[in-house]
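Read from first to last, the chains carry the letters A, B, C and D; within each, the first residue is number 1.
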Amino acid sequence: MRLHEYQAKQRFARYQIPTPAGHVVTSPQDAYAVAAALAQPVVLKAQVLTGRGGRGSGVKAAFNAAEAQNHAAEMLGMKIKGVIVRKLLIEPVIKSVASIYLGITCDRNVSRLAIMASNAPIADIEASAHLQPSTIIREYIHPFSGLHNYQVRNLANGLNLPREHWDDFTRIAQRLYRCGIESDATLAEIDPLALTPDGRLLALSSRLVIDDNALARQPELRAMHDSDAELRALAQARAAEISYIKLSGQIGCIVNGAGLAMTTMDMITTYGDGTVGPANFLDIGGGAQADKVTAGLHIILADPDVKVILLNIFGGTTRGDEVARGILQALDEIRGEGPLVIRLMGTHAEEGRTLLESACPNDLHVVTTLNEATQLAIAIALGTL
Amino acid sequence: MRLHEYQAKQRFARYQIPTPAGHVVTSPQDAYAVAAALAQPVVLKAQVLTGRGGRGSGVKAAFNAAEAQNHAAEMLGMKIKGVIVRKLLIEPVIKSVASIYLGITCDRNVSRLAIMASNAPIADIEASAHLQPSTIIREYIHPFSGLHNYQVRNLANGLNLPREHWDDFTRIAQRLYRCGIESDATLAEIDPLALTPDGRLLALSSRLVIDDNALARQPELRAMHDSDAELRALAQARAAEISYIKLSGQIGCIVNGAGLAMTTMDMITTYGDGTVGPANFLDIGGGAQADKVTAGLHIILADPDVKVILLNIFGGTTRGDEVARGILQALDEIRGEGPLVIRLMGTHAEEGRTLLESACPNDLHVVTTLNEATQLAIAIALGTL
Amino acid sequence: MGILLDGHDLVLVQGITGREGSFHTLQMIEYGTQVVGGVTPGKGGEWVHGLPVFDTVAAAIEVTGANTSLVCVNAAHATDAIYEAINAGIKLIVCITEGIPVLDMIKLREHLRLTGSRLIGPNSPGLLTPGRAKIGIIPGYIAMPGSVGVVSRSGTLTYEIVYALTYEAIGQTTCVGIGGDPIVGTNFVEVLSMFEDDPQTEQVVLIGEIGGRAEIDAAAFIQAEMTKPVTAFIAGRSAPEGQRMGHAGAIIAGREGSAAEKIEALRAAGVRIAENPEAIPGLLAGDRPNRRV
Amino acid sequence: MGILLDGHDLVLVQGITGREGSFHTLQMIEYGTQVVGGVTPGKGGEWVHGLPVFDTVAAAIEVTGANTSLVCVNAAHATDAIYEAINAGIKLIVCITEGIPVLDMIKLREHLRLTGSRLIGPNSPGLLTPGRAKIGIIPGYIAMPGSVGVVSRSGTLTYEIVYALTYEAIGQTTCVGIGGDPIVGTNFVEVLSMFEDDPQTEQVVLIGEIGGRAEIDAAAFIQAEMTKPVTAFIAGRSAPEGQRMGHAGAIIAGREGSAAEKIEALRAAGVRIAENPEAIPGLLAGDRPNRRV
């Protein structure tokens, strides 16, 4: 779960990581007031949770309060990657004589956290954790003894950071580490950490991504999640505890199991041959529970791109007839329209398929193999059936 | 550094370890008020830092406020092992259907913390850490992965604690562990942890001993130290960063180095043969700094038992003449009275001894060997010189 | 006989009194696994499917002599259960729990390095030696005894592929799900190495997916150390960058972890790559009977 | 040649620019130790006694080839310095720092177990091989080359006893101070074992004190494994229970750690016990020249 930049900075402030004096506003009037109070050039940052936000069209500078108000009027309500901007973070423009990247993430290949620093921005820290470009200085953090000061000094040394800033840099890195660990962050980064003309180190931009698996023990952070600032479908999926990713094709997929869902997606892409593709990735999890099928159908039916739905269930230890009854119950609740291809496999799958075919014949196609299912869905999407 | 029981309980409360609703008072009137407000039988506990306080004459029960006031009047101002009682902790008397000992300390022999539990009180947990009486259930805590819940369940199982209390017991043990670790405690104990008739677990008595070596990074705990509640000489020694322990003999010792100080003490005891003994252990540390000699002399001269002072310095890499000048400077500052035996060894020790002999002949005896020094001091103490 | 299970496996189910734990215990017993007991703290003394339940793993081992454990405990308590199993001396631990926080796994992984215990998972469907025993939740009916070793990061995709093999009458020695999390107790290379050493296993099917470099490491190992043929399928060729595809571990970060990269590395190591799961049986080495079951 | 120092010791001083660090660096150089440089974070590029100062241990090793380190850093930064030395590959680390918190030492001790580095100390005077080299603060003039190994938990008491030996013209192979803290990197048994294996060492003097059971363990080792005679002195026979006697480690807890208990165990293991330090030379085995220096 990503935090907004302003939320990450609030969290940083609790760990005494210095950040600019920022405020969040939701109206142009407030933007004027905040900029006027700051009485210096400001930067306005749209707070949306799409990709690596806080860059591009989502950031504007203003020399005075009036300009800040104008920018805010423009920015509030605009869409960034489909999400409406509802909040702006306004901060003073900070001059800097040097910019440092400092970030902590998990390097899964060595099963450790890595702390990385660079004199240039790092585009993608998770990737950089393993790749080793020479411009990035890196230290692995021992899972038990933690981040040592000497390791931070190694970073400072590698960055050629003037020594009078080493103590400051060490404190900030240790606080970032503690903040990250105590927040169950899979990514904690400062980009850039600016060295100001008067010799302070300041976290100009910040990013915290919280491990979804740890949200249960991080109630405070979980409560910070802003579902208004992400796509509606994502928020719905999160609530239903299913995994959903919007793609650009026409075939809505509902699959149990991540690997099988990706495989379904891959096969649609291959056989679709550039003309037809998957509308989404959607994994309802290993079992085949009716409520998750229902939630998945809800999300996909709301997607205007979808022309046909492909439901691919491999029942595992769940009996096929039970799965079929669950699907029928879900369809009954939804009462959605449009063609549906169902591929059902597993123990007693045949009974399940019979049940499905007899119960609900209109627009419903029941098949056995993955190949059949994919090609049938593609044919329906192309209108060639 | 030991905390008062009330301080330990305040600390426990911060970690949500349940304790009785106690208050500290410094006057009989306040004792009346607190007992009246509690409106039930109370226990008054003298808050002094001598040995395993909070037991024996330092604890009294009262059935009502008037009785509490009377007890308080008696207890406040009384001396326990030489220390005046200035504070009383007043708590409601808690009924219990079972009492558990629960404590965490370092078992130096395995270089780990051990958590121990028992259905009977443990008189000396540090000793018990290694000794393994069968009534004590024990789990070693891995320094990196910490205390696991399953380990606490092993304790609960061994105690035959009814299962409905396991979750509660686990929470309390984990909190005690966190409190101990985060307080740099060398001992964190609840004795007893009472099971009340209504099924709650409550820390009736608590003890926290903080690692002296960690006080620099525990400023809040260091500030809690109550030097009014320990012997004056101990407080002085602590302030001067020298190590002092009062003993019952007549020969005041000032030595550099703990091992050498103990050896000096041992030799006085042996040669003193039951008639004369060391008045104290006093280690000014490995070097031979003048300010520590001064502080040591101050403490010893204030001890009415002392008949003669034995200063035993092995100079190590410090030159003997420098050490001698330091001693002379200290003696000059102090202008104390009474006989003094000085044994000075190390590089250039002879020059040092000459310097001492020529500078300050009255009542000052300069010797070379440990045997000479000890026997001379004993002779002086016995008046046989 | 297959790998990991050696016929002397006395299995404990941690979380046996739960809905899942109880269900899969029965499935395992029916499949022939020697389940000897279970552990649920606070429920010691109860019985599930005729098996004794204990409060602690230590007590369970003392009574039953268990040496293997299935951890079927929710994410909040799963690592505690695993530490308990490790520190009580259990040698093989299979964890099916999904959703263990990554920082917990980092610590646990380090702890495992220092002990003699092996963890399969977490977020693993477990392992199954057809006709003999299974630990975990892989459905028994999809498999049959034979000479193909299967190792996978997925759950239902594994079933799909094992079923496809069985459908073509191609049996398996052991099917191992190593789990879909970014940090797991046992990786591809370790399982490949066991298959290489296993006299029953003649060839191996590897089922990978996007994210991390486990398949790249596997390719390096196959090239350097393996004599047995390997066929692979990699899921997620069409996955977008930077998105977590269901599995916590399935995410392409920058240039790293894409299916293309992995397929290339495996091909270079001499591995045959299947375009889809149903193509795998046809790609296997040797003359296999192609009859329907 | 003595133990621990092997003649190829290239020594780094961590904290070389401090008052103590600088002083003892000079003392070590004068005694013949090959000190090759120092480390003080933020002072790289400076020079002390003609030796280069580096910001990090890694840089110092790269330039000087150091394989040994003296940690002469205050308690707040000492463990960081030790971890830095360990993780940079230093094999022998001597730490003279007093006052390291016990929880830090518990962690460090565990970390040391997992690495190939040896720590002497903390709160140790260091070690000295007479006439050859010393690492730490043991004064050189108190010692002379010979065949007695000395191992001790104390500082000045060690000097006292080594000096008493030298005064009687009884030379030493190596003098090792293992440190007076409750948790130290190297214990009596490890050093005794090195003396047992060292061809130059003919007998050993062990200087113990109250607290813990290091001397009890030593007694067991002496009885079971040692062929060379051992003479011991134990400080603190008159120490009261429950009081920390200067050294963090010197405390009698209940029935454990008393001098009487230790003396009894050592005696039972065939060790001669000295009643006071000056009695040690007279108790040593063999015909030793008894002339004054």
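The definition used in the following text is that a contact is a pair of C-beta atoms (placed from the backbone, for glycine too) under 8 Å apart; a residue touches a chain by one contact, two chains touch by 3 or more.
Quantities reported herein were computed from a predicted structural model and do not represent experimental measurements.
Asks: Based on CA centres, what chain would you say lies at the far end from chain C?
Replies: Farthest by centroid: B.
Asks: How far is the middle of chain B from the middle of chain D, if each middle is the mean of its Cα atoms, in Å?
Replies: Taking the average C-alpha coordinate of chain B and of chain D, the gap between them is 28 Å.
Asks: Just curious, how far off is chain D from chain C if you go by their C-alpha centres, in Å?
Replies: A distance of 50 Å separates the two centres.
Asks: Could you tell me the distance, in whole angstrom, between the mean C-alpha positions of chain A and chain D?
Replies: 55
Asks: Could you list the positions in chain C whose residues touch two or more of the other chains?
Replies: In chain C, residues 107, 110 touch at least two other chains, as defined above.
Asks: Mind pulling the residue numbers of chain B that touch at least two other chains?
Replies: Each of 142-145 in chain B touches at least two other chains.
Asks: Which word fits the touch map of the chains here: line, ring, star, complete or other?
Replies: The chain contacts form none of line, ring, star or complete graph.
Asks: Every pair of chains that touch: which are they?
Replies: By the stated definition, chains touch in these pairs: A-B, A-C, A-D, B-C, B-D.
Asks: Across the complex, what residues on chain D touch chain B?
Replies: Contact set of chain D toward chain B: 23-24, 27, 75-76, 98-103, 105-107, 109-110, 125, 137, 139, 141, 152-160, 163, 180, 182-183, 207, 209-213, 217, 233, 235-240, 242-251, 253-256, 259, 275-278.
Asks: Which residues of chain C touch chain B in the complex?
Replies: It is residues 41-42, 44, 55-59, 77, 80-81, 83-84, 87, 107-108, 110-111 of chain C that touch chain B.
Asks: Contact residues on chain B for chain A in the complex?
Replies: On the chain B side, the touching residues are 143-145.
Asks: Within their complex, state which residues of chain B touch chain D.
Replies: Residues in contact with chain D: 51, 106, 108-109, 111-113, 123-124, 126-131, 142-144, 181, 184, 186, 211-214, 216-217, 243, 245, 247, 255-263, 265-270, 277-278, 281, 283, 285-286, 314-317, 345-347, 369-371.
Asks: In the complex of these two chains, what residues of chain B are touching chain C?
Replies: Within the complex, chain B touches chain C at residues 142, 144-145, 148-150, 153-154, 157, 163, 166-167.
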